[in-house]
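Structure first, commentary second.
The first chain written gets the first letter, and so on, giving A, B, C and D; residue counts start at 1 in each chain.
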């Protein structure tokens, strides 16, 4: 099985170009890759689109920022696609001020849109959002008297993934509730960078417990221990 | 009669709905309190939409694991028999009807079963998170809310004015003064909580209320 | 965590009523539950619809039959929904003779149709089958110049599942290539019967490696050892 | 010149297309032979659509595991670095463009890139299995076929008559006498295999063939 390049976080984020759609695993930061985020902040690449469950925490009163929040504060993202931004006051401010475009998507719909792209599906029909603002501009399809929204696939250029263990081929396992969007995003992007707590030899992961198959992963980064 | 807000009474009453083994997703905030009042002999299986089944209590101080959090980002535990999964599976479980009930907070709820709880345009826009999927997917949807807002306005309305989280999906509204089933375009009052009265509820609520023929007083203690 | 009833294979198949849609895990029999199939054959329930990847092996020359084939030969199914029936000469014969209705579905589409039903989705848009007979009678949706078929969710009444380990709550793991359609079908049926090689106590399965969550499983059967 | 069918030559030529690390799905039957001729230094990652990555060779006698089979139901092995998954994930990998190439058998293939290989109405109806997904999903689709059927008819056609497995998805047709790229509604002859000649191929094939300017003879040995 071919080994994937193991690179530094700095080298890895060098693969991200201005204008790219960046998918970031994690849920309130749990399952986001910290070294990749720090390197991307340092590099300062701008004009990106962020796809992530949320924007972590930015408390405007205390100045506390976690995970992706410093990148948001530096306005590295021209657009954010997320399900919830309630704990990041800065992105709410940017949205209300018209400084950053924010698209809020129901969480299950975001998961399915990303999965669809990774699975080569054009989209899915979901009952979620029928009769709400989420319906606006979307095709509504009636099946046996029940209405569904047609939600299309959402793919990205680069996925920033946090794994627990990865083997050198790229197979990944995740850590508890840090799994969340990571396996879906790893399927949906052209460049898939995995920051793993532990990188093991090929053959050392039980093939029954691998969550992300090696073939979608393009680069590995050793997380700080 | 004076209105005394009581999150505890809301949580207590909702908790009594559940039977042993029910799979329940509790929203962050007030709904989370429901877990504290589950009757003896009833064990709920709590689903956490960020990716696991078997949500357990807050860990002891010093035993927190930052990789095991609830949907609010707080450290929690997992029960024996729980399991982890990704977000697609989490919402497959939710949307697919594998969750018996969800309890959600309320900005507004109306007699058509519409719920608004994710957005006050131009002011507060936290986003819907998993709430839209939970309302369409869970078998029973409980709206948990204080009966009145800080200004004394009824949170039960004839028609929501805020952007909806879900249309026609709420089954029960439980406030600190009564229990309502949403049915045929009206709030059906099933129980009024001591010391409140039917008359008080009818007078103070800005919505169509039908008093159920078996409506009764309940003392939540 | 609530324990699910552990029943005999005979009791379990008693839950299957005439006319039911039965989903059967397995791929050429690998991952089909042998005790449940034997019991269902013995009980002889008829007028069923079978959803399965294939119909296992029935060699009309030698008379060899494996897994679900004896039930097919006894005409317990009025309809079969499958992806491939090339190694079961009898179901091909029944189809060509008009004795049994057979719907052939592309394998990835069958997987997604079952998954969609289990996930509460109305359906998916797939490029598979565009321009073929599979397209007939289906809505074709054009997204950005690419054509997709709208394939609707497919649910069942009873799923017959073969697991490697199950805990008493119903959490399941699978065995190598025996996984295939099992986890998808377990999500898509009202009654989900798991024949497990091993049934362990609640808490004895690592929550990271569970594939099917307990909450969808309704009955457990101990496989013959 | 006499036509001598050679599955080996088909497999040999296809095998030379691949580079180290390519993810490939080989159909049952003739396509499986391709695995025997992969050049030294090239390791393929074989996907098995019944649910794993890293398909390995047939096990030693006595070491067969009935729970580890290929898509034809035969016992196989899994390579170090392989992994198991369910059928939805398997076809997510296939349909999602994560497979570099697939090699499929042929009943008919035409110059528009149409492939028929799953059904002869009223006679043989095995079903499409995973072939329809593989043809739309894999980055490159190789149709592997003897050039002529048992009656001597060209299997390369102007237009398929049988029900299609896929419309306009075939990239290369490799037979035992030549290699063709499907392009602009014609078979572009890229290579002819010793001892056959361009003239022989043009004469015997019932389809529009364009001889590539770099078309060359190849000795498959």
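Definition applied: contacts are C-beta pairs under 8 Å (C-beta built on N, C-alpha and C of every residue); 3 or more make two chains touch, one makes a residue touch a chain.
This structure is a prediction, so every number in the text was calculated from the model and none was measured.
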* Round to the nearest whole Å and give the separation of the Cα centres of chain B and chain C. => 36
* **Rounded Å distance between chain A and chain B, as computed from the means of their C-alpha atoms** => 29
* Asked: Which integer distance in Å separates the CA centroid of chain B from that of chain D?
  -> 56
* What whole-Å value do you get for the distance between chain A and chain C if each is reduced to the mean of its CA atoms? -> 33
* Of all the residues in chain A, which ones touch at least 2 other chains? -> 112, 115, 119-121, 126-127, 174, 176, 207-208
* Structure fact -> Multi-chain touching residues of chain D, meaning two or more other chains, are 52, 78, 84-85, 88, 91, 94-95, 136-137
* How is the touch graph of the chains shaped: line, ring, star, complete or other? -> other
* So which chains end up touching which? -> A-B, A-C, A-D, B-C, C-D
* Asked: Where on chain D is chain A touching in the complex?
  -> 20-21, 23, 43, 45, 47, 52-54, 78-85, 88-89, 91-99, 136-137
* **Parts of chain C lying in touch with chain B, wherever the complex brings them together** => 1-2, 115, 117-121, 167, 169, 171, 187-188, 202-203, 205, 207-208, 210, 213-216
* Using the touch rule from the top, collect the residues of chain C that touch chain A in their complex. => 112, 116, 119-127, 139, 141, 143, 146, 148, 150, 152, 173-174, 176, 207-209
* Asked: Given the complex with chain D, which residues does chain C contribute to the contact?
  -> 27-31, 53-54, 57, 82-87, 92, 95-96, 102, 104, 106-112, 114-115, 126-134, 174-184, 211
* chain B residues within the chain A interface of the complex -> 48-52, 65-69, 71-73, 78, 84-88, 90-91, 94-95, 114, 119, 122, 124-133, 136-137, 163-168
